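Some structures to go through are shown next.
Heads up, the next two complexes both have chain A, just with different partners, chain B and then chain C.
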Partner chain A sequence: GCAGRGRARHVGEGSAAAMCQAQEEYGGCDQPQRRPRVSCAQKCMKCKEASPVLVIRVGDAFCKACFREYFVHKFRAMLGKNRAIYPGEKVLLALSGGPASSSMLRQVQEGLSRETAKKLRFIPGIIYVDEGAVCGQSLAEREETLLQMETILQASGFPYHLAHLEEVFDLPSSILQRAPHSPAGPENSYKEAVEGFICQQRREEGGSPSLPERRIQEKLAELSMREAPGTEGLAAPGARLLGAVRTEQLVQLFGSVKTLTAKEELLQTLRNHLILHTARAQGYSKVMMGDSCTRLAVKLLTNLSLGRGASLAVDTGFSDDRHGDVVVVRPMREYSAKEIAFYNHLFGVPTVFTPALDTKALEKASIHRVIERFLFGLQAEFPSTVSTVYRTGEKLSTAPGDADPATGAAEPQHCLLCLCALDTNVEDGSALQAILVSEQLSQQRLPAASPAGRGCCPGAEEQRGCCMNTTAPGADARADFLPLLCYGCRLTIKDTTCLESLPLYVRSEAERRKCRAAMKLEIQEFLLEDEAVNPGES
Partner chain B sequence: VGQCVRPACRAGGAETPAPTAAPTMPATCSACGSSPAALRRPKTGHALCRACFLAAFEEETHRAIVAGRLFRPGETVAIGASGGKDSTVLAHLLQLLDQRHGYGLHLLLLSVDEGITGYRDASLAAVRRHQRRSGLPLHVVSYRQLYGWSMDRIARHLGPRNNCTFCGVFRRQALDRGALLMGADKIATGHNADDVAETVLMNFLRGDVGRLRRGAGAGPAGGEGAVPRCKPLRHAYEKEIVLYAYFQGLDYFSTECVYAPQAYRGYARALLKDLEAARPSAVADLGHSGERLSLRPDLRLPARGTCQRCGYVASQPLCKACVLLEGLDRGLPKLGIGKYRRLRDKLRDGQPLTQEERRRLGAPAEGEPSEEQEPRGEPGTDEEPWGRRELRVPRDLDF
Partner chain C sequence: CTSGLRACFPSPKMAAPVSLLVEFGGGAELLFDGIKKHQVTLPCQPEPWDIRNLLKWIKQNLLKERPELFIQGDTVRPGILVLINDADWELMGELDYKLQDQDNVVFISTLHGG
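Coming up: the complex of A and B.
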């Protein structure tokens, strides 16, 4: 009967009364609202005819057809409302094999296959990143996973790119530089662009497949001849040696990271760089990520705990334009994990399970783990926790970047690794200042009370250890590196023992920035340009 | 000896990772390099000897006070003294630093008696002991005097949950009124870094953007109440405060409030413990995040006005304390908790409430004996310095 199927409680969207959506009120915590019982005799609340198969939110029962419509509509509405994707644009879908991104792929397929009037109008490609080396998978296991993924990728009919995380070692350092933002739809407004596209399509009608489909066929033809950047896949015998070297480097890099928290952060950063590189190389102007509402709520609290309060808006908002030319969008952000799971189950969306970094890790091993467990536990008791956190995140905006007083240039104002605006100017009375003071006072006593001096600066016995000496190893490489990073990335790097194992593109870009800053410092007095450069420029 | 001009140094990038103690050999203090270490400080992980830790802690508090420009010479500062570890350490430190660095302050102790049997009377005893040792003047204000309700009495009417709402609202006003009575220019409270971190988390969990905008308690002296406040210890880890009190031999009262286990903050506190276990700097990291949050400019946030009844700061026509008290006095204790706008409007219009509505607002069931009155002193005397009338002039209800 209906007792067994699909009686999952949706994770508290909509019903704000139960928990404290405290605006100005000290909304105390009421007794948890009793959920209205949904009886089997009830009809689908939308069409009022069919029998419901699942319950969304509190007491909203849907039949299969209405649920599908609700689900599909939400996707299209999200894209349409934000007007982020122009017709004819090339969009790269980041597929992880997990439920949310797989569902996203299905929505794109559905959307593109509809009647002309309501069709989604962009050109999709897919990228899958194999991270098995970092997650401790053997070559055989990775091959197995890749085979499963390729089945899905080929079935989609879209051009796809299989990338291995090892390829980060061959990335160019331009990845870490903001490219000038090129608007996808040129000078036209969004509406004009859509209308223009429809007209163009009508002209080409008659027998031949419509434009996007033809393009896809071309892409597939290209793909078979394409060589993947870096390794050509693990199976190719010639590349096996290179692949093994890179894998070893990757394992060594992650081995030098002491905490699981830092590993997770580093993995995300590298993965994003790789995806960005593929998007740029293949001409994609947008990347779609499959972050669900649940996942974003966890991410909000996690990033808060990682000291990333300044960049919450770009990290979790709908569109993320930190790279300038390629914009990352998150169209699944209003779907809860439960909705996605039910959709996938009801409509046969294939997923591939891949173990992650923290699979089988201890409960409290990483910040990410702690937050996830906490949030899900609290959600069980206060059903609107996840949605409240999500909504709070929506109320944030990008913090204005700090002007770097030392150099004044816009260049060092973005973090080397995550490209977010730096949030590390030391304001009086701030937490950051207090930390620096604590660390300074807990180490070797310095002559007099020089607030920012370290062992290097106030003319210690010799130049040993001074940052002037660029060839000094160890702590000094770190000393040069950390100022280029935002607060959150600093914590990640502090947990990394061997900076030499970072990919070359990171180190060379760091060097470049450092030299440039030194250069500017030398000629500071002769420069005539305005010091207060617009932080948005690059 | 000047500051290095290299941007790397000025941004304070360099630090060596904290040394880990060898299992067999005792570690040496990393600050003085000579004495054996007596503790490992939670904030940075460095091993320090007793003297260096105490000196570092005191110096850090001093720098925070100076950098944050918390005080001006000649000010009278009322220290919120609960008898617990934070306020005891705060009072001790402020007195010490004031003498050592010549802040030029007049310090007082201000204590609030919420009327929680077994908890507050014991902690007040600790405050009085501190007062005798330090010689600072002490004044105690009580909820019973100010509002006619003690927390015990409120809890009897309200039940086990939501007590912290009443207590927090009432205490804020109580501190302000006590400070005004004593002629203080500023109130200093003992909020520590853990409190700040918990508040950031809580405000996010409850969607309280108004408080998030105000820096989630991370900013310096705030002017929200009648008297400006500051939190000199807001960057100090709770555990370090305990370490300081321990090594300094300070005496304080350390039991948790009996009503606290039910509070929502308990969740945030448990979470913070786990976060700290995963990464010790999480407490400070949350503080940093809280300072760097920025809200969308188009949000509609409450504006600051005054209460029509008592004149206190309020964003609504009536301040929260008046709303809560109204509910208590009418036998509908939940009036101020949760969203009961419709019912409050009914009351304002003089319409009677149904039995069900009264029950929802926490009215006692039929047949319960009526509450005995709280004993009150004569208005204008030491027990009732203001007299109830002065605080709550009955006027037309306008929620």
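Coming up: the complex of A and C.
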């Protein structure tokens, strides 16, 4: 029972005491399955012969060889089941140096090198984004990390791209526009595509260069493209770090974000834009991200807390097609963090640890941190926690977007930053309406409370967003900006004090959409109605 | 003994000194001055060395900062994996595993940002 667990910790903090008490109270009743005791004396559950080396899920003990087979098979089954990647397709692997993406790279290498008919057949490239400036790393530390990463990147034999987060300041605003979807063929065309590819390969084997040579050619072609704007200076490690100006801009941007939660969200958004840009520029139609099951479970609950419930399916599902032409896939989503860590340790997968934004942060420093601690804490006692969250997330699917009542457009608007469908129609009785009302009510009191000279909004007209900025023009810009964002991104921007420090591509796209919306409003009455508009609309 | 070294003579009442290779990974090494591998020799003591005692010893002798990021109560913080001789500590008895000389104990953090 719980009381007899022997956890006689010296309880100092009040919360720990409460937790201890709660455990004792629940000691007698029905509780979710606790971790069963598995011992080394048992045999591997698969081969029943060898001694197990690890326990995964709830009490499944595997020996080293069976674990390797299980791990490798799961990757290919994941790709095969989803049929998302066509043979010959160019796929960009997003490598962070962390355990999951490093493991993913290894699985791609394993899969491509197989001799059998089951070998993977796409053309990989790798991207690594250096975020050292944001995470408080010195130039020397960033150089060191890059050197370590380059060793791994070069050893892979795949073409790779080293990007610095500073490059977001040179992105085009087309990044924020949804590109037309590449039409996906019907189901059976996947099989035909594979067969066709195999035939073509056999024919090619005679004359054209072999795969390794082709890779070198591609790499040289890529090197000669390095003069493209935004990529110059990548030649030597010293010159690699772009002008101090860009770094300073980046530091200033993140410095103007008040909460760690918002910083984390902004970092992810900018990183995704940069990866997308590289994918588009270099002709990759797919991007592989190394999110593990554990990480996605944390992300799911975190996003719920951040008001991103509407986009849970694309944020945590296997494939994410919000950008239209480039699809993001998550082939590691069924691996727990433990499985990945063990695989990497047992089979020598190189990783490079880089401190993140929240490294050594306090426990409750951000929502991400709080949720992670919550889930990991539960998982330690109840090993089916993460998979339960994950399975629930799997059941989510994207619903077709509702028509936008504001503009009457048949297609829903998309968030400026995260490109998800806007979820901010303020309908009667909706939670959003309640939030906005209480915001307005609380702001009405503010001019009275704030000291003279700091109150930003003397009159009662500009309620929304006015207390965030101390200057009137700033308040206007913010009030124009927020409606272009989904609820979750609004929260991130609300925590950003200086909108001017956002990269140009964000601000110019915002301006463009605002002008377009204003123009559309002006000519609204002259527009002919679409036949496709719902009959219920007036 | 003239050199001043403390000699430890194993007797039925005392456990022999235990030499271990303790490793940290996944970002946990940040709490140990960034050093991943530590060759340690645990001193003689009446009780046999187990993981529980090892953790206390690590907290007192190796941990440089923020103990709460590594240890919670008498066990490791949730999210930190423990491997004993390349095997899951769950198979070895976790905190109760009795350490042997020349064992290899690895702590890997699976938390975001270490």
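FYI, the second predicted complex is superposed on the first by the 414 of 538 C-alpha atoms of A that agree within 3 Å, B and C clash if a C-alpha of one lies under 4 Å from a C-alpha of the other, contacts with A are read in each partner's own complex, and residues count from 1 in each chain.
Just so we're on the same page, a contact is a pair of C-beta atoms (placed from the backbone, for glycine too) under 8 Å apart; a residue touches a chain by one contact, two chains touch by 3 or more.
Source: prediction; values computed, not measured.
A.B. asks: Between chain B and chain C, which makes contact with more of the residues in chain A?
C.D. replies: B
A.B. asks: Which partner does A:V55 reach: the first (chain B), the second (chain C), both, or neither?
C.D. replies: second
A.B. asks: Is A:L504 touching anything from chain B or chain C once the two structures are fitted on A? First, second, both or neither.
C.D. replies: neither
A.B. asks: Once the shared chain is lined up, is A:K395 touching chain B (first), chain C (second), both, or neither of them?
C.D. replies: first
A.B. asks: Figure out whether A:A77 sits in contact with chain B (first) or chain C (second), or with both, or with neither.
C.D. replies: In the superposition, A:A77 touches no partner, neither chain B nor chain C.
A.B. asks: Quick one: classify A:V245 as touching chain B (first), chain C (second), both or neither.
C.D. replies: After superposition on chain A, A:V245 lies in contact with neither partner.
A.B. asks: Just to be sure I read the superposition right, which of the two partners does A:A517 touch: chain B = first, chain C = second, or both, or neither?
C.D. replies: Touch partner of A:A517: chain B, not chain C.
A.B. asks: Please work out whether A:D480 is in contact with chain B alone, chain C alone, both, or neither, and reply first, second, both or neither.
C.D. replies: Touch status of A:D480: first partner only.
A.B. asks: Who does A:A155 touch here: chain B (first), chain C (second), both, or neither?
C.D. replies: Neither partner.
A.B. asks: Now for A:L432: first (chain B), second (chain C), both, or neither, which partner does it touch?
C.D. replies: It touches chain B, and chain C stays clear.
A.B. asks: Contact residues on chain A for chain B in the complex?
C.D. replies: Residue positions touching the partner: 17, 19-31, 259, 261, 300-301, 303-310, 312-313, 364-367, 369-371, 374, 378, 385, 388-389, 391-392, 395-400, 404, 406-407, 412, 423-424, 426-439, 441-445, 447-448, 450-459, 467-468, 475-476, 478-483, 487-488, 490-491, 494, 514, 517-518, 521.
A.B. asks: Under the touch definition given earlier, write down the residues of chain A that touch chain C in their complex.
C.D. replies: So the residues of chain A in touch with chain C come to 7, 9, 35, 38-40, 52-55, 61, 99, 294-295, 298, 337-338, 340-342, 345-346, 351, 353, 355-361, 363, 368, 372-373, 376-377, 379-380.
A.B. asks: Taking the complex as given, what residues does chain B use to touch chain A?
C.D. replies: Its residues touching chain A are 1-17, 30-33, 41, 43-44, 46, 48, 52, 55-56, 59-60, 63-64, 67-70, 161-162, 165, 168-169, 193, 200-201, 203-210, 212, 218, 220, 235, 264, 267, 270-271, 274-275, 277-279, 281-282, 284-297, 299, 302, 315-316, 320, 337-339.
A.B. asks: Provide the residue numbers of chain C that touch chain A in the complex, in ascending order.
C.D. replies: Per the stated touch rule, the residues are 25-27, 29-30, 66, 68-69, 73-74, 78-79, 81, 83, 86-88, 90-93, 106, 108, 110-114.
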